[in-house]
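In what follows, structures are represented as structure tokens.
Shared chain: subunit A. Partners: subunit B in the first complex, subunit C in the second.
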Partner chain A sequence: MTRVNLALLLLIACVASLPLFGGAYALRLGTIACMYAIYALSWNIVGGFAGYPSFATAAFFGFGAYATGILLNKGVPLSVAVIGSLVMCFVLAAALGAVLLRLRGHYFAIASLSLVEVFRELVNNATDLTGGGMGLNIPLASGSGILADATFFFYAMWGLLLITAVVVIIVSASKLGFGLNCIRQNETASNMVGLNSTLYKSIAFGLSACFVGAAGGIYAAWVHYIDPSDVFDILYSVKPIVMALMGGLGSPLGVVCGAFVYLGLEEVVWRNYIQIHSGVLGVLIIMLLLFLPHGLISLRSGMFWRKAKHV
Partner chain B sequence: MSEILHLSNVSRNFSGLKALSDVSISVSRGEVLGLIGPNGAGKTTLVNTICGVTPASSGAVTFDGRDITRVKTYQAARLGLSRTFQIVQPFAEFTALDNVAAAALFSQPGESLKSAREEARAHLAFVGLDAQANQSAATLTLAMRKRLELAKALAMKPKLLFLDEVNAGLNSAEVERATKLIHQLAAGGITIVMIEHLMKVVLNVCTRIAVLHNGQLIADGAPRDVIKNPAVVDAYLGQQYAQRNAARG
Partner chain C sequence: MLAVQVLINALVLGCLYACIAIGFSLVWGVLNVINLIHGSFIVLGAYLAWGAYQWAGISPWYALVVAAPVFFVLGYLLQRLLLNRVITAPVLVTLTLTFGLDLILNNAMIYYFKADYRKLTLNPPTGSISLFDVVVPVDRLIATASALALTGLLYLLLRRSKVGRAIVAVRLDRDAAVLMGVDVKSIYAIAFGLGAALAGCAGVLMALIFPISPLTSSAYLGKAFVVCVLGGLGSVSGALAGGLLLALVEGIGSTLIGPAHATTLSFVLLIVFLVVRPQGLLGRKGFE
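Presenting the complex of A and B:
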């Protein structure tokens, strides 16, 4: 294992100690931080490794949230519901990916963006199953007090982040990761050396969707109420891209740092400039991208950076 | 000699343009076939059609006893058809070693990243790039990148190797070096189909020449006969070449 990956696991381990230091607010922030890191790591598989800029994060986040919500309402235990959502998201994304990933560049970006709208409309119209625009109430999981609940969901999200990070590290060092790297650099040449690029891209898209879907499931159980405009919010698709660009495209450690920094900025800016917070945040992001085009990860010494750049 | 590749009545259209019309040709095992013709004659399209990049509009391609008319590019690669590109296609950010390792890794079943890298070293040494193994492909000179293409193609353990203008853009010393490599490969028993404009190289290494013109096969036979063929002289070689050739006897 490389030093960069060790640093990533160490960083995630540090996050786990958060409940020792803070109350409900810190736990809430920590849960969101873990969720953002899952988005960023997941997006990095298809966007960073394979080089396909996906805007489908919100689609699978919403899908996972609704799948888990519906299963919970049918009396399925939370763990089974979340794992079910994860598997469904993987299969669905891999199947859709086989079709969508024939498009490249901007065309793929638009197609993946449309996926969010399609899913939202489907959920809006399947009123019997999802409650449509009225939203979906989800039964309380434990009900053993606010702080205990917050701690439980924090660790659930943290555990999922750890699994995501481990899978991403394994992928990055595997034949799959090597193949995705080939596809990003030169897809024509990849096919020519015998790489089944359709299969590899589908698996990558599936992996980039399944953990997001599971995070959506945990989110749904955590907030007890979801509606289409909340979970299919297009911002969920845009944020991971900003985080990845801020942290360092392609580097798992970079994108997780990007996710944490992004959340920090979002929180600070929101608190201090409540009237114009989106504007201030936008300016900050543009400044970061202008002055740190290779992300936060490039702040380290030059030699180290070359190793961490991609996969 | 047994037949390894056979094309029967292969045509390929790009909407209105007939890039290949009714091409029938066969290649025998161990042969070095030179494919020549003016620019736009359809030489690269022919290779693309065989490799599954642009499948034939009509006709059939058989390779090693199997119909490969409709196989995908990556499947053709795994069957033992490999090629170099006229415009080199390296994985620019990878080292030379990883470029070749990628070829070994994805074309051979059961290959691991580690074993692929080990194999890659041998292929790099063969084309004389062992000193550049850890250099990124983007930093190599054109001649080196052409040789890298060759190493990649060889790492796929080809039964049939297409060389698409490996000598284009090289100086005479580099051409000589590349020609020597091709000789070595042919001696090693790999069947080679090469697209080449340098007649010196073609006559030096090829055992047979096929000539394409406007998507049609206009000549196919022993090098000495083909270059005297009036149709070939008209379409490609030119009168000057023919006269010089005749003068030299």
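Presenting the complex of A and C:
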């Protein structure tokens, strides 16, 4: 275990102490922070390690949210529903990944982008199962008070973040991570030396989808109401990319820091300039790309940490 | 008769789709940038036509003449000042940059025009032609003719003019073009400007037919994606072929299985094409 990974786990452990200090608002922010960190870490598997610019995060977030929502409505307990949607997302993404990841560069970006549209339209039109455009109401998981509820969902999301981080650390140190690195650097060459790149890419895509799907499930249970335009919002696909760019592409600690910083900025902008918040977000993205293309983690390179692994 | 009507509708719509996609395809083919601001440019063009007609009584045909240079300058400056700085960066960076630009423009439009749907209603209305049982509205017909004219104009520009040849040269082989003395940075800016101008003109034409709102920009962008992938990148004929195919599939699909599934169908078609034939209908292999 490297120092960077230890720092990541330490950071996540610090987040867990949040309920000691804050009220319901802090818990809400904390839950969202954990959710964003899960997105960023998941996206980093396929976008950072394997170098495929995926825009499919929103598709699997929405899929997980709807899968869990429907299961909860059928009377399945929350934990089973979330694990169920995690498994479903993994299988679905791995199968889709085997097909879609044959594409490279722009073509993959567009295919993953249109995956979101296809999922949204399918959910929109399957009115019997999903409620279509009217959305889906999800029964309350527990009857306890507001603060207890908030704490429960915070820890649920935090636990998922911890699992995601541990999996990402294991992946990055394993043969799979090494293979993904090879694929990013030169896919043709890694195929030549006997790496089964289709298998590796499918697993990576599956892993990058399953935790997002589970996060979607917890989100659905948390907010009690989802509709297609909410959970299949293309912004959910773009945000993890911005976070990863902000923190430093490819470094798990970097992207988690990026997620927290991004949430902070978003919250400040949202609270102060509600009418122009997406414009301010746009300005932020452009500044970031022009002036800090290697992310926050590159600011301290050579001083404390190694440089962000790759850009 | 229904079949003929569906066919005619697809023909009319297909030419408009081609017009939407052609600027997008040019930028993608030449600059290798997926220009996510394209949809918002189209909506801005539509607002230009609407505003000109509403406030100054200028007919959309003249607005077309105004829109082209205005959007060209806008696109040229954007490329020169911003995009050229990151043009050599990986796909993700340019894509995300245009996404940021799109957020700004779209937010600005929602702020100034509000998210209400508006409609440009010509006074007096142009009516429609009906031949046997087939009905075609005149405004759609004129918009289609203008779209075809714009497409033809771009084709001539790329074929006959010196700038056009330089754009094609950069698209074919950037490094060789540099060696032949082509100023690549300015060609990039001109190509992006042309793409923006075409988007603006397409927007003016859309204003005649569809309701106008900042929220429709992503739908236009989606159409541009699908048309480009279906037809093949960077070529005028490819965009026309893609537009017609998309309109045909949508028309037949919505007649047979219901209009609710038309969008799904077009995106499924997109994914199938990406996987099976990524160079598009008219594209050459290895040239994507």
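In this section, the second predicted complex is superposed on the first by the 302 of 311 C-alpha atoms of A that agree within 3 Å, B and C clash if a C-alpha of one lies under 4 Å from a C-alpha of the other, contacts with A are read in each partner's own complex, and residues count from 1 in each chain.
Quick note on the criterion: a residue touches a chain if its C-beta (ideal position, glycine included) is under 8 Å from a C-beta of that chain, and two chains touch if they have at least 3 such contacts.
None of the values given here were measured: they were computed from a predicted structure.
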| item | value |
| --- | --- |
| First, second, both or neither for A:188, with subunit B first and subunit C second | first |
| Contacts of A:283 with subunit B and subunit C, given as first, second, both or neither | second |
| Partner chain(s) touched by A:179 [first = subunit B, second = subunit C, both, neither] | first |
| Partner chain in contact with A:114 - subunit B first, subunit C second, else both or neither | second |
| First, second, both or neither for A:272, with subunit B first and subunit C second | neither |
| Touched partner set for A:106, first subunit B, second subunit C, both or neither | second |
| Subunit B versus subunit C as contact partner of A:229, first or second or both or neither | neither |
| Residues of subunit A touched, compared between subunit B and subunit C (which is higher) | C |
| Which of subunit B and subunit C A:196 touches, first, second, both or neither | first |
| Residue ranges of subunit C in contact with subunit A within the complex | 28, 32, 34, 82, 85-86, 89-93, 95-97, 99-104, 106-108, 111, 218, 222, 225-226, 229, 260-261, 263-264, 267-268, 270-271, 274-275, 278, 288 |
| For the subunit A and subunit C complex, residues of the former touching the latter | 47, 53, 99-100, 102-103, 105-107, 109-111, 113-115, 117-118, 121-122, 124-125, 234, 238, 241-242, 245, 275-279, 281-286, 289-290, 293 |
| Subunit A-touching residues of subunit B, taken from the complex the two chains share | 51, 72-74, 77-78, 82-83, 85, 89-94, 98, 102-103, 105-108, 112-113, 152, 156 |
| Residues of subunit A touching subunit B in the complex | 174-175, 178-179, 181-182, 185-186, 188-197, 309-310 |
